[in-house]
Amino acid sequence: MAGNSFGTLYRLSSFGESHGAAIGGVIDGCPPNIEIDLEAIRTEMRRRRPGQSAIVTQRKEEDEVEFLSGIFEGKTTGAPIGFIIRNSDQKSHDYDHLKDAFRPSHADYTYHEKYGHRDHRGGGRSSARETASRVVAGAIAKQVLSHIKVRAFVSSVGDIFIDKPYQQLDLDAVDSNDVRCPDTATAEKMEALIREIRKQGDTIGGTVTCVIEGVPAGWGEPVFDKLHAQLGKAMLSINAVKGFEFGSGFCGARMKGSEHNDLFNPDGSTKSNLSGGIQGGISNGMDIYFRVAFKPVATLIREQEVLTASGEIVMQQGKGRHDPCVVPRAVPIVEAMAAMVLADFYLIDNSYPHSK
Amino acid sequence: MAGNSFGTLYRLSSFGESHGAAIGGVIDGCPPNIEIDLEAIRTEMRRRRPGQSAIVTQRKEEDEVEFLSGIFEGKTTGAPIGFIIRNSDQKSHDYDHLKDAFRPSHADYTYHEKYGHRDHRGGGRSSARETASRVVAGAIAKQVLSHIKVRAFVSSVGDIFIDKPYQQLDLDAVDSNDVRCPDTATAEKMEALIREIRKQGDTIGGTVTCVIEGVPAGWGEPVFDKLHAQLGKAMLSINAVKGFEFGSGFCGARMKGSEHNDLFNPDGSTKSNLSGGIQGGISNGMDIYFRVAFKPVATLIREQEVLTASGEIVMQQGKGRHDPCVVPRAVPIVEAMAAMVLADFYLIDNSYPHSK
Amino acid sequence: MAGNSFGTLYRLSSFGESHGAAIGGVIDGCPPNIEIDLEAIRTEMRRRRPGQSAIVTQRKEEDEVEFLSGIFEGKTTGAPIGFIIRNSDQKSHDYDHLKDAFRPSHADYTYHEKYGHRDHRGGGRSSARETASRVVAGAIAKQVLSHIKVRAFVSSVGDIFIDKPYQQLDLDAVDSNDVRCPDTATAEKMEALIREIRKQGDTIGGTVTCVIEGVPAGWGEPVFDKLHAQLGKAMLSINAVKGFEFGSGFCGARMKGSEHNDLFNPDGSTKSNLSGGIQGGISNGMDIYFRVAFKPVATLIREQEVLTASGEIVMQQGKGRHDPCVVPRAVPIVEAMAAMVLADFYLIDNSYPHSK
Amino acid sequence: MAGNSFGTLYRLSSFGESHGAAIGGVIDGCPPNIEIDLEAIRTEMRRRRPGQSAIVTQRKEEDEVEFLSGIFEGKTTGAPIGFIIRNSDQKSHDYDHLKDAFRPSHADYTYHEKYGHRDHRGGGRSSARETASRVVAGAIAKQVLSHIKVRAFVSSVGDIFIDKPYQQLDLDAVDSNDVRCPDTATAEKMEALIREIRKQGDTIGGTVTCVIEGVPAGWGEPVFDKLHAQLGKAMLSINAVKGFEFGSGFCGARMKGSEHNDLFNPDGSTKSNLSGGIQGGISNGMDIYFRVAFKPVATLIREQEVLTASGEIVMQQGKGRHDPCVVPRAVPIVEAMAAMVLADFYLIDNSYPHSK
């Protein structure tokens, strides 16, 4: 138990189920005297929100954040920031057919086994609805780290990949299309694929790449709390994530040292940055980048087998309003989790006097 | 700071540099009355040890563990288990040439930037020497979980991959060859490649796959401390790791939901186990499996560019005794970290009464 | 920062200021399938509430708890329990005179020094308003531990002390008078004193004693997380507390070992229980009891010196509606914190299999 | 479990039993580049050591600390500091008579109940031998906080109290007598009492007062991790402690607000410092002071009743070499724990930028 907090000095404690009264959280450890841009938070919420475009779920969630504490006269006070987001569009009846059914590749079965009961309403705590609280905490973390750019984008949908390194992309253009892929030609292909998949009542996986600029050398805490280890945990804690790699990643495992070594320039910067901005778990001042794999959404709008509580396999028609592809909406969640990890290490790194 | 502990209820606090007096750790939270098999611990240490075969570093470390507390009359007492491993083969002079040099893709530079000083002796705290303490804590965790099998193996070296699913491999045969690849034909090719690479003074990356059998449904703590998120953090905290994936992993990101969904059998088991034994962050009773990417070792036994403290790029000849490929020795470390994660969740899951 | 969470496995993360929109919290780690008695929670809230009797502050707070998550169909689900309590009676203007003044023995000055700003509205985060969230989390902890009795009472007000050991008191009668002193004759004297003190515009300190029955032998985690060390921290974290003692307490420091030693009966129970139910940091199965010292409330309804932000000492008349004596309302808070400590140790103690 | 670590950013993980091979610990989070004065550490160890004077136990422990990591060329590196202290004078046979006996007011019985086994050798993990590790970590914490003075002294033994406020004492003279009472006349009476008590084969309790000078305003983390709450937990975790009070303490509970309020001087300092240097859980820049109650040592060198494992009460003669009064040796332990608490808050307070 007690797995609903993330971070040491900058910490989110999250609560809420998809079909309860509200979700929300407590952000503890936000430094005082930071001017909070509420509109920037709303923007992030809109980027995550269902119904934002034609290629995501048409479910409606207002996602209006109400801040209850920790902000006074527009600035953080150093006290914990409590916030809630009411659940407005709770079509719980959409889920009545699930009352006695465990859907494949969902958390229905494991929650039932772990907790000995069933909250069948839209996934309960296991629903990605919970990630809205992460986006709030991440949006504030971004404001704590106003000198750092944390930008993610969709790098693949199914077999359609961006075939350029991120340096050749305009990361300011990520939100210029619905897929959140900064390469327009590729974005169009991705969007066409997602529309096709949705027509089939099916879903498709994809990857999100995140690039972080402006982190100085020195963040990260060896040996267990390495910067990339915390980033990895943060990403793997997002619903539907199956893999994480940074820098050269799995490709690096196929390379020779003489190819892979990331040679220095005289100023301490490096040439290839196959390191991904991190050496020995500590940032080296270069761009940090990593890639996250999302499986296809498990809920299909077509018939599939489910397991009943009494141990029968029956066919069931998917209902509700689901995403054909989760990655466009995952982009702000990836950024939010990354920003929270960075805010934590920023504070930890500050904690002792050093010569830098 | 304070990043040198791992786990909540079963926790290792690790200390020690490669060329200090000793490394070691404190294992807090090990349940009492567990019979400790010291020989099994030694076996794990030998699997990690340098000099164990012709294809790993010929550096000698005795790796003799001395237990100082927490074990009485052959059993754990519930008190913390303190242990040390003396550093016997400290050829610090091998590293004198590094005193003013930052090697590419090492932690030399980042440690210097973070801590404002330099411990040039073999990497200091950033050396993989530290993983010996993890192997001790993991070997004891395995004994806490005697009903669970945690077995890892080398699944690729460079471009040589095992081309079979793990179910077709004899995981009891992992240690039958020096590479720790249970597929004999592939193992031979891998070994030949490693020998060739070493001859070139170069190094090569690889991957380790880990399979865990016997975990009951219900382990893992959503939403942040998901079972796979902790496994991912654990693996990413190992030196040289660049990526982690479980179940379908990055391949899953290319699939459709209708292909990917892991349909149930009437007994609650599933058909494809593309889920990798985990749903919604909680074990589902199926095998857990994941794959870890290791980059090539950065130290080459041939000339390469290094950065000096005064900001010059100079050529330097690598010295010391290094691994041409780290994955054979990484196998017991991967198992150790996995066992520690599992021991922690086992204790947490026990903590409240449930119907199971 | 990040000091707003309490507990390891049963954990409250609290938020909210006295004059913000709401206070509340997240209870993480509450076991699933526990039937929640909402009326029992309301009862505890009423015991803490201002305006409950003639001898406490006449400020009105509705203290209506809204549960937002973690409870479904009347039972806990194992998911975090989020809750809020709206601040209804926010007479912020009562505090306008404090805008530039630091009151003596308040947190005004230290919060200003720590956070670099001022939330002058009724103490902000430092207000005892925050303890309402503790009472919610404690009331639920009591329901987790339904077999354990946690009962506190007022043992002194100023120089008026109960002169009997707790065994001679009827602890079920604590709430039979406004002071919450189970000895009727003493309660009357205390009440008279409090009325007199209030008439003077002054305040008075007091002590609360807590008795816990039904804790089995074995709870508590040496060496740092001793049962009484956590109880002590819990009590010292309550506003206005200046001291904590358990068992023989400060009196024990004046005794000889031959007087103090708590001899065994053949069944493992002990004779004097000067130990206070705890040996070596672990419960021994006897009653646990401890005493908590509360200083007099610092806000007086008469003129006193305050420090202005510009460094002048000026006379100021106290306003607002304050308690002449805080201990009657502190009783449920002491119980709540004790129950939270016990719930945590109960879960931790469960975590490993033992022979008991 | 897992109660053997103390602190968040400056953290000691302690291990070891009184009659095992060694005790020791890992100090994680010590800032880098701090010059370590080994002689100062040894001095603290000598202050705690048995056999140091005629009025303490004549048991001999060399208490030679061996540092294994984290210090290089005389300075901390930022890596964890591992250390061990061998147990040299292990007269385990002194304890054979205890094999089947539970001594009154010891942890024998509760450890047996909790862990389901018995380590009868001198108390095992519950022995105060463990506090040697705390003294090491505290001595280093003092060096981190070189601008802060943490000084404790014996303020009472039995009914003999110092009758002066600490401001009238010469705290540099604490170690000028064996009792560690800076008031010479009182010290002589205390020493005479202890000698008398020892002659009787009995023991006596006492109190230790600690005064901390030089802490700036702003340390401490409300609402649960208040500075005095952490100090209280730290003190209560020391063997034999029964109570903790700071500032006015239990006396404050008898006072009126008009007497107790700690009026400001124009410079922000206060007049009475009944607050004990802490307001609302945060230091206010004044001296911090608190008092700790120690019960009499439970082991008597005369016959007393013990409980056998088979449930009989038998008479047993105490053996071994025990302290007639623990407080003189407790002085450095109190200082060590206080220094650790302060080091932690120092680092946490540094973690965010503020205007101070």
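By written order: A, B, C and D. Residues from 1 in each chain.
What we mean here is this: a contact is a pair of C-beta atoms (placed from the backbone, for glycine too) under 8 Å apart; a residue touches a chain by one contact, two chains touch by 3 or more.
The model shown is predicted, which means the values in this text are computed figures rather than measured ones.
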Fraction-based call for subunit D against subunit C, same above half, different below: same
Identity of the chain that, by mean CA position, is farthest from subunit C: B
Length of the line joining the C-alpha centres of subunit A and subunit D, rounded to whole Å: 46
Rounded Å distance between subunit C and subunit D, as computed from the means of their C-alpha atoms: 26
Computed distance of Cα centres, subunit D from subunit B, in Å: 39
Junction residues of subunit D, two or more chains touched: 1-5, 8-9, 14, 31-33, 114-116, 125, 347-348, 351-352, 354-355
Arrangement of touching chains [line / ring / star / complete / other]: complete
Interfacial residue positions of subunit A with respect to subunit D in the complex: 8-9, 31-33, 347-348, 350-355
Subunit C contact footprint on subunit A (complex, rising order): 1-5, 7-11, 13-17, 20-26, 28-33, 66-70, 72, 75, 77-82, 84, 114-117, 119, 124-125, 347
Residues of subunit A defined as touching subunit B within the complex: 1-6, 14, 102, 104-107, 109-111, 113-116, 125-126, 130, 156, 158-159, 197, 200, 202-207, 217-226, 228-230, 232-234, 236-237, 239, 242-250, 252-268, 270, 274-276, 278-285, 293-300, 302, 304-307, 311-313, 348-349, 351-352, 354-356
